[in-house]
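Below you'll find a set of structures to go through.
Here come two complexes built around chain A, the first alongside chain B, the second alongside chain C.
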Partner chain A sequence: MANKSWSTVGKPEQRIDAVEKSTGKVRYIGDYSAPGLMHAKLVKSTQAHAKIISIDTTEAWKMPGVRAIITGKMFPFHIGPILADRPPLAFEKVRYYGEPVAIIVADHEHQAKHATEKVKVVYEPLPIVNSVQQAFLKDAPLVHDNAEQYTKIISDVYPKASTNIGSHIKIRKGDFDTAWANSEETITATYSFNLSDHVAMETRSTRVEINPAGKVIVHSCSQSPFTIKKVLNQFFNVEVGDILVHIPMVGGAFGGKGTVQLEPLAYLASKAVGGKVVKLEFDREEDMTTAPCRIGFDATVQLGVTKEGKLVAGKYTYLLDSGAYSDQAAGITRAAALDCTGPYNIPNVWCDSYCMYTNHPFATSFRGYGHPELTFAVERTMDQLAEKLQMDPLQLRMINGIKPGHTTPTQTVLTANNIGDLEKCIHRAKELIKWDEGQKVQSGKNKVRTKGISTFWKTSTTATNAQAGAIIIFEADGSVNLNCAAIELGQGTKTILGQILAEKLGMDMNKVHVTMEVNTQYDPHQWRTVASSSTFLAGKAVVFAADHAIAQLKKTAAVVLQCSPDDLEVGGGRVYLKPDPTFGVDIKDISLGYTYPSGHSIEGQIVGIGKHIQRHLTPMDQQTGFGKPGPWWSVGVQAIEIELDTRDFTYSILKGVTVLDGGTIINPMTATQQMRGGMYMGLSYATSEKFVFDEQGIVQNSDLRGYPMLRYGEQPTEYLVDFIESPAIDGPFGARGIGEYGVIGAPACLANSLSIAADVELNELPLTPESIWQKKKEGTK
Partner chain B sequence: MISFDFMYFQPSSITETIDMYNGVHEQGEKAMYISGGTEFITFARTNKVYADVIIDSKGIPECNVLEMRNDDVVIGAAVSLNKITNSNLFPFLGATVKQIADHTSRNKITIGGNINSELIYKESVLPLLLVDARVKVVKGTDVRVVSLKSLFDRKMKLSPGELLLQIIIDSSYIELPYISLKRTKFSKVGYPVVSVAAILKENQLRVAFSGVCDYPFRSDEIEAILNDSTIPIVDRIDKVLGNLPSSIVDDLQGSREYRSFVLKNVLLDVMEEMEMGE
Partner chain C sequence: MNWQNATSKAIIHLHVNGETQEVVVRNADTLLSTLREKLGLTGAKRSCENGDCGACTVLINGEPSHSCLSLAVEVVNLPITTIEGLLDSPVRTAFIDKWAIQCGFCTPGFIVNGHALLTNHPNAKEEIVEEWLQSNICRCTGYQEIKDAVNSLIVENDDSINKTHPRLSK
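Here is the complex of A and B:
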């Protein structure tokens, strides 16, 4: 529970970017223009799988303003974050509709775009891999001929020769076969979760220049500034120290801006025009299909239980549609495996999680990193199992909820610190959704109201050496600047870090200035702003930086006040004597060193530095999955109440509930926003969002005319959020991560409530009135 | 980003507008009228439409009229959908166009643009067909007022260079009972799976459809069936489905079979709301 003696942590402080954003004054990457700025536009594949026979640029060269044309032949190498399997520009063949084939650099954006229309590419169509099931077949066409020969950037990836398997992650815990054979009741069910897009408000955009001194200067809307450096170094042979990356505020990312796609293209473009500044900004259509999207997911879940409903065996086969390249889908394959069971204690677990290549746009991280997908499969199965057992679905979850002392599928031992309290979350959600008033009631002519529930969990699978740092420096008025490479993408991270610092220094929030822009040259290294990890990693770095500054403040003050540093306390803009707080010195008088009336000065300015690196994380064993993949698990429960018209299958979402145990909540207002926004996003792709492919693998709805999503104002009428705060002893003020969590259970509880309402098992998303009607029709045949 | 170059003009009179169109035409170039411009911009950036010259009709005073004139409601072609709804001059039309797009887009989308849209929906036409609206159009020096019905067959039959100026509605229709029902895929903002508008005039139901076939329509045959009180309602509706002017649309918004399911339900709702029961 929040410590009542805190003055800033645990308080609903206004987001520090709120005024700038709501007055429309933030300048995003795409807003930049300057004389001499050049523009790059892409020629994109019109085919999903084809040999490139020729690329004729003659006509394009004749267009006004064209300065350079770059094709894949000029950089015929593969890059990638986990497995280097993706050429920045396709060469020899294209593997998805929308894939970059050539770059045109021109003086103006419209000139570049116009010239792209004049490039003639001749393709020879190849057989299309249009689904994960097809990709998995023995004699399926191959998306990559020699995937096993690609360079591994991270160890946990296992491409399989002569197949479309980009990676295969296994979990073998206990003895599944025996437990399954001895189960008193079993269930097997299959699910499918569609490919979709992030649709962040800001489309991806970057600009790159190579200055005369050879420095590569990148401005981008990225979640991974240090990965940009790594990629340009690893694959383009630029010295790491010569790469400077700037990230301003980012207009929404949701994982989609973690991939390094545009920066290498803009780098090649800049190089082709003698290092001039080149801007590459994606149109919405490019942002949806050329840039990576969200994985598709097919699952088969088998659960074995005792008559009393105790889970004894679980088997999970996950097929991830990673599209043409593995990118982060290889990591999601691993993340889905290591949390495959959902937050349940199952002694015997078997999981095969496959990253499958197809000829769809390639997939990357998306808020939840595989968890909304696996949770949909697991939680639908739990509901169907409860029905088989004639047991209350909540009761079944209660009986099996994971707790300290249990182990995860990778056999990490759980403790009261590294996992939240699921049982408390279930109880609270049960109250908020008024479960006891009935799960299904008739609410009018042709109308039923039903409730669906979903538990969820997730760990933060960072690199084992993921880390963050923070530097704090002081102003002459005693206020403090915080520099840290956590990126503000609308999730409120800069506000949270400011609150942590304010609390540590006993200062008002308005005395803490958090630098919004990230600059890799003066901000200490931070892994990336993904995986709900910034509050934890950067938060801890800020705590240490504050302690470091406090020690210095006390040292200077001890000289001034002629006492021991141990006698002193920092707070209220002062350093003062613990036993007599009236006796002290203002921070402003010592923050830049203390000057005596004589003019003599001592100690100099205060500079606080702090850092934190993950501890005791390990890769996973290839055969069993054994390992410690993440530092903690946040857990939660979501519930939904819907009203379905049983005649035409239209429905409305009446109420949404999210209860999360993410440790101490640093800011209840921004945390509530995160849960609401998350649930809303989950509901949008559970109700609406889906890429549609034709038989040639061409995306049929690559713009917002054809790609359906929920609009502002279509959130549930009633929207309740609550937190259980079981502190993580090693988190900053007891906090764990919460950023992604609101999204995870939403599709599952929607499907659970609708399945009860429509009286048919709904195991495929999205759930439109048409898809329910379709299922009903099949069910009644 | 629109990649091709084009010129933009906003003339302030009908004559200037027409002269400009003809001038461009005579030079062998393509001119195009716009009003809200939303369709032009979104289609042009993906090269679905091309023009050398864009002539914006928003500067023409006649196209911005929105008022009662004697016994008529007069609506300029360049009036935005939101203005029509907010004016409350003709609630039936206001309610129908409020179901088009989202609020922000409706600030820009005009009734003239919607009626002349390249898309198959043109939902604002539904109430207009039912109330025997007239339209004022101009071509060269020839201004004429004709019934919408005579010009609208699947789409507006305007000849090249002809400009829609106004829509005129006899105010006696304003008080008639009406209903406007739209079903979308899921989100309220979306193209229609089925959109139906209906009024009751002298106990006779008039109905118009969008999203069902690949053009909006009103059909005497269908109205005759629906008004035939000798047949049970469900049978009338089944009969309507057998008498559609062309096959039902099958696309991203909904399959053919699903659309016919929705259409039946929507017609049931219309009959119930309009108290057309046996």
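Here is the complex of A and C:
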């Protein structure tokens, strides 16, 4: 709960980037152009699975402006963040439609693009793996012949020889079989949805140069600048210290810019033209198919309960459609397993989570990291179970909600500190959606209004050594610069970190200058800007940097004021005596050291440094999943009210509710922005979005005309957002992570409300009027 | 001027934000790429280049238009306004005040379109607002804050004599 004595934390301070963004003057990565800048364009696979017989570049070389052509044979190696299974440029065979096959570098973009059309690639088609179910069959064609031989980059990944299984993560907690056999009521349900896309408004773009001294200078719109360094080092043998990565403000990311794809391609392109600056920018179609997308998901959930509705057994089989390469899908496979139950206390848990190769575009992280998908499966099952038990679905959730003292599927013990208060969230959401006024109401002759609810949880599955650092540098006017490698993607992280610093220093926000651009040479290492981890990791680093600076301010001021540093306090731009605040010195007079009238000077500039690293996190045991995967769990409840026309199954979303316990909310307005935007994203996904594949595995809707999303006016008429703020004592001012959470429960509660309205179980996404009509016709209920 | 093919170049004059600018363009150059690469006006964004998302919206002769779908040579005699020419628009400040900005990439297109909407329909009903703003995509906000920003400028009383927006007309 926001402490009343705080002046900046807990307040709706305006975003520090809003004015600049409103004028169109922010320079995103693609806004840079300069004479001499060269352009790279890709030749892409037209097949989903085929042998490359030959690549003929003769005609392409004749095109004006062409300076280099690179094919996969020039770099026949595999890279990847978890399992190194992906060639940056395909060689020997292609595994998805849109896969990069060759790079053309030319003086102008239109020249490069024109030349790509002149490259002749001869393919020999191979059998297509076009669904996750097909991939799982014993005699399925293999997407990778020897997946088990790929290099593991992190430990929790288990590719299985002679199958399409890129990884298999297991949870074995308690004794599922016995508990299932003894259950008084059981339910089994299956779910399925296709791959989809992030569609950040800014497409992915990068430019790379290799200067004559051997420094590799990368500009990119990435969430992971230090991972770019790691990848160029691991796979391209460039010294880490020789790689400089710059990230400007990013035009939306949603997890899609967390992995490294373009930068190695642009590095190869720059190398091929003697190190000149080469820009590689994806057009929309490439951003949707060539670049990684969102996983597809198939799930079977089995729940066993007592007559009273107490959950005793849960079994979860998750098949993730990872597409052609495992990328972050291997990590999502793990994340989906370790939170497989949703926020419920179940003593006996069995989960098999599989990362499956198919011949679809490859998938990477997407806001929620598998949680919107698993939550859909769990929460739909909970609703169907409640119906079987003839119990209020909210009541069923209430009696099984996870609490301090319980353990997670990986057997992490929960405490009042590391998990939010689910029960309070349920109560608040119940009020906001007016649950007691009825879950289903006839609102017109052919109109029905219904409400659906979903709980959700998620931990921040970072690397066990994930960390962040901050450097604060005082100016001659007493103001302060904050440098840190958290990336501004639209989520408002720079504003939040500025607020934390202002609060610690007792300073006005307008005296805190946060560097918007990230530069890996000045900014301390930060793991990545993903997993809702920046407020927690970078926020703590800022707290420590402020403490460090405060100690220096007091030390200098103590000399000037002829007292002990312990007698002093910092605030209001001054360092002053606690018992007599009128006696003090302005920070501006000591920020560059103090100079006596004689000219003698002491101490020098105030520079604070701070850092924080995750503590006590572990990998998971391969057989049981035992381990501590994350620092805390934020929990929440979402609810949706819809109105359905029972004749044609068109519907409108009347109300969307999100109640989250993410610990202390540093800025209620940016937090509300995140919850509403997250809900929109989850609802857009659930109502509209998926890739459509033909029988050859070719994406049929790789542009924004064929790929529907919710547009202005189709959002909920009303979004209600509230926060329960149970503080995390080790978070900055008690904050946990919140960035991804608004998206997680939205698909589930939409499907729950529509299933009641249409009186049919809706277990597939997206939920279009046509898909609802089809389900009704099948009469599955 | 030879406009018969895509690759030959021409010197043209564009009237942008009240100034006449001389530029050398290929006949195939879009207005979007010309504004961004030749005139340094990068507020109009490249996002879908297919007229589907509205991130490149500018005003051509007062009408909101996808600059990715116009050739520079098509608009030589027409006044063009970009976000850089709308710094005084109340729509811009409303977007800040109502928290309608997150990543900011769609923002210029929305502000330009919103400005034209309110200039043409100062007391627009919700259906009109929807019809106009459905041409732009925002992936961050969920549209609530954008709706709040635009609605905050809609003149409530339907006074048919007053056709111009009091804060948009000068």
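In this section, the second predicted complex is superposed on the first by the 778 of 781 C-alpha atoms of A that agree within 3 Å, B and C clash if a C-alpha of one lies under 4 Å from a C-alpha of the other, contacts with A are read in each partner's own complex, and residues count from 1 in each chain.
One rule holds for everything that comes next: contacts are C-beta pairs under 8 Å (C-beta built on N, C-alpha and C of every residue); 3 or more make two chains touch, one makes a residue touch a chain.
For clarity, every value in this text was computed on a predicted model and none was experimentally measured.
Once the two complexes are laid over each other on the shared chain, residue contacts for A:616 go to neither chain B nor chain C.
With both structures placed on the common chain, the touch criterion links A:708 to chain B but leaves chain C unconnected. Once chain A of one complex is fitted onto chain A of the other, the partner contacts of A:692 are limited to chain B, with no touch recorded for chain C.
In the superposed model, C is the one of chain B and chain C that contacts more residues of chain A.
When the shared chain is aligned, chain B comes close enough to touch A:773, but chain C does not. In the overlay built on the shared chain, the residue A:250 is in contact with chain C alone; chain B does not reach it. In the superposed pair of complexes, A:21 makes contact with chain C only, with no contact to chain B. Using the contact criterion defined above for the overlaid structures, shared-chain residue A:445 touches neither chain B nor chain C, since it reaches no partner. By the touch criterion stated above, A:200 is placed in contact with chain C alone, chain B being left untouched. By the touch criterion defined above, A:648 reaches chain B but does not reach chain C.
Residues 110, 283, 703, 705, 709-711 of chain A are contacted both by chain B in one complex and by chain C in the other.
Against chain A, in their complex, chain C makes its touches with residues 26, 28, 36-37, 41-50, 52-53, 55, 82-84, 87, 92-93, 95-96, 99, 101-108, 111, 126, 129-130, 133-134, 136-147.
Partner chain B is touched in their complex by these residues of chain A: 109-111, 113-114, 117, 283, 285, 647-648, 650, 687-688, 692, 700-701, 703, 705-706, 708-711, 714, 766, 768-770, 773-774.
Of all the residues in chain B, the ones that touch chain A in their complex are 1-5, 42, 45-47, 102, 183, 185-190, 193, 252, 254-255, 258, 261-262, 265.
Chain A meets chain C in the complex at residues 14-15, 17-28, 30-31, 33, 110, 199-203, 249-252, 254, 281, 283-284, 489-492, 669, 672-673, 676-681, 703-705, 709-713, 715-716, 719.
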